[in-house]
Amino acid sequence: MFSAAPWLTAIDLIGTFVFAVSGATLGVRRQLDLFGVLVLSVAAATAGGIIRDVMIGAVPPASLVNWEYLAVATLAGVVTFAFAEIVERVEHPVRLFDAAGLGLFAVAGTAKALDFGLAAPSAVLLGTLSGIGGGIVRDIMVAQVPTVLRSELYASAAIVGGICVTVAVWLQLPRGPAMVVGAVLCFVLRFMAIRYRWGLPVARARADGSDD
Amino acid sequence: MFSAAPWLTAIDLIGTFVFAVSGATLGVRRQLDLFGVLVLSVAAATAGGIIRDVMIGAVPPASLVNWEYLAVATLAGVVTFAFAEIVERVEHPVRLFDAAGLGLFAVAGTAKALDFGLAAPSAVLLGTLSGIGGGIVRDIMVAQVPTVLRSELYASAAIVGGICVTVAVWLQLPRGPAMVVGAVLCFVLRFMAIRYRWGLPVARARADGSDD
Amino acid sequence: MFSAAPWLTAIDLIGTFVFAVSGATLGVRRQLDLFGVLVLSVAAATAGGIIRDVMIGAVPPASLVNWEYLAVATLAGVVTFAFAEIVERVEHPVRLFDAAGLGLFAVAGTAKALDFGLAAPSAVLLGTLSGIGGGIVRDIMVAQVPTVLRSELYASAAIVGGICVTVAVWLQLPRGPAMVVGAVLCFVLRFMAIRYRWGLPVARARADGSDD
């Protein structure tokens, strides 16, 4: 059914699920109805993979051709909608599921780009882009500044995950475990940044609200 | 001039026109000047088709290669700008023209995807995406939450239109009338949802304005 | 290293630099930290070229495959962040660097599209789209209405730059100087529009804040 390696597909589907939960949770918070919540789940879950596939010329994108992606995203949306009160009890649920999706898509994107013959740095970049793409589309759709701009160690954590996969492939280590390690590393970095509010300095400039 | 079937082209150009009117009307409401109104017309009118064409690998997209699309979108923008006061008298003009564009692009996108050999479910999905794409880009460009998230029966209406075309092709019925029926069905569903405020329940959750 | 003509590459990299500065400056104004500023630099600098490359089927996009683009964008972001107080003294810094990037990407996009065999009007359109793409993505990411909608002579200035290149190629004049002239012409038009607040009339309509 899938041409890609089973590890890649498994990680891709888990990433789809957690990003869909992040989208659905944001939709519930914004008081969208069930339809809106499902659209936001699907958008958050598929945007990263679609961006990746369009960029490497793997069209039509996997999430349009294989029904599994859409089914998983819809299921995640419905479950989140039904159990919204429980999901809410998790602290920072949007950010947590987003961090998991970030790691999973970053390693899956990097691996797929390597499969398509891209050089190591380009593969890491593409992995990063497919990791951050879902969250960007999700946040822009509810008219808020994307997490990738507001948060420390976001794109950077994705880069670390992608490098992990690239190095493993270069050392001819087994790819599956390397993808799991890379995704976990990225997630832990993001989680620590959220938990301990790791931050960087902000440049001094007129903050008068005008942009020109 | 066009490689696609004449029905497809006709429906595509009418969809371009009505989406352009929806973009121009929104631009006039937001007090943009003529340039801004035209940019918003063209964006609303071409985004859905561009997304569809990029996803099925039909690059460069039809709306860049054939001047008709741009001409129709620009014309619609200029006419809407000139007769803004009349268009305003129509109730809910943005939503009405948006609903017409949604139906037309959903069936045109589904038909083109079937032409490119996609399986039925993928074709319906791609049709839906090309139907909702123009409205999403239009709304995001004026920094408002897209209609597809705020409204009941939006993506669902597009799915119904796409299924209509897919079933007709499967039953080997003539495609042209099936596209018209699908587009009308989608429009009527959306119109009824707007008219009677059909809505779905909203999940119970803390609505404290924070997203994390 | 690059398959494209050296002039095209040079103009592309300078455009990347100035658009990155426009993104970084906006990031500093919005009080983003260093990571956020860099993401906004890279987004503003690469989005136009990525849109262009995806549309003509030149995937993976040049800015993912060649490390120079990312290096230039990152460098521009770091420099802008470090010298934010100096950049601030320039009047209208975001708009000025944005105008330079607009002209450079409009001519580079048009030239690359001609190289890929597109007809003259399509090439100008694609050039315009790759010129305005970076600014649109940059502005949408900080949830503000893109400059292309708020400003006079924005898309129009890009069109003029693109026409300049197309005419030169048609007359078989040397392409390099034509690209410089086109980029300068576009920049000057935009600069004059900013400087003298050239504007167009706004349509009369209910401005009651509702969009439907």
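Note that the chains take the letters A, B and C in the order they are written out, and that residue 1 is the start of every chain.
We take it that a residue touches a chain if its C-beta (ideal position, glycine included) is under 8 Å from a C-beta of that chain, and two chains touch if they have at least 3 such contacts.
Keep in mind the model is a prediction, meaning the values are calculated, not measured.
Note: Cα superposition of chain A onto chain C, rotation of 120 degrees, nearest 5.
Under half of the residue numbers found at the chain B and chain C interface occur in both copies, marking it as a different-residue contact. Mean C-alpha position of chain B lies 27 Å from that of chain C. Shown for chain A are the residues that touch two or more other chains, namely 54, 57, 140, 143-144.
On chain B, the positions that touch chain C within their shared complex are 26-40, 50, 54, 57, 59-61, 64-65, 67, 70, 81-82, 84-85, 88, 92-95, 140-144.
For chain A in complex with chain C, the touching residues are 54-57, 113, 118-119, 121-122, 125-126, 129, 132, 136, 140, 143-146, 148-156, 199-207, 210-212.
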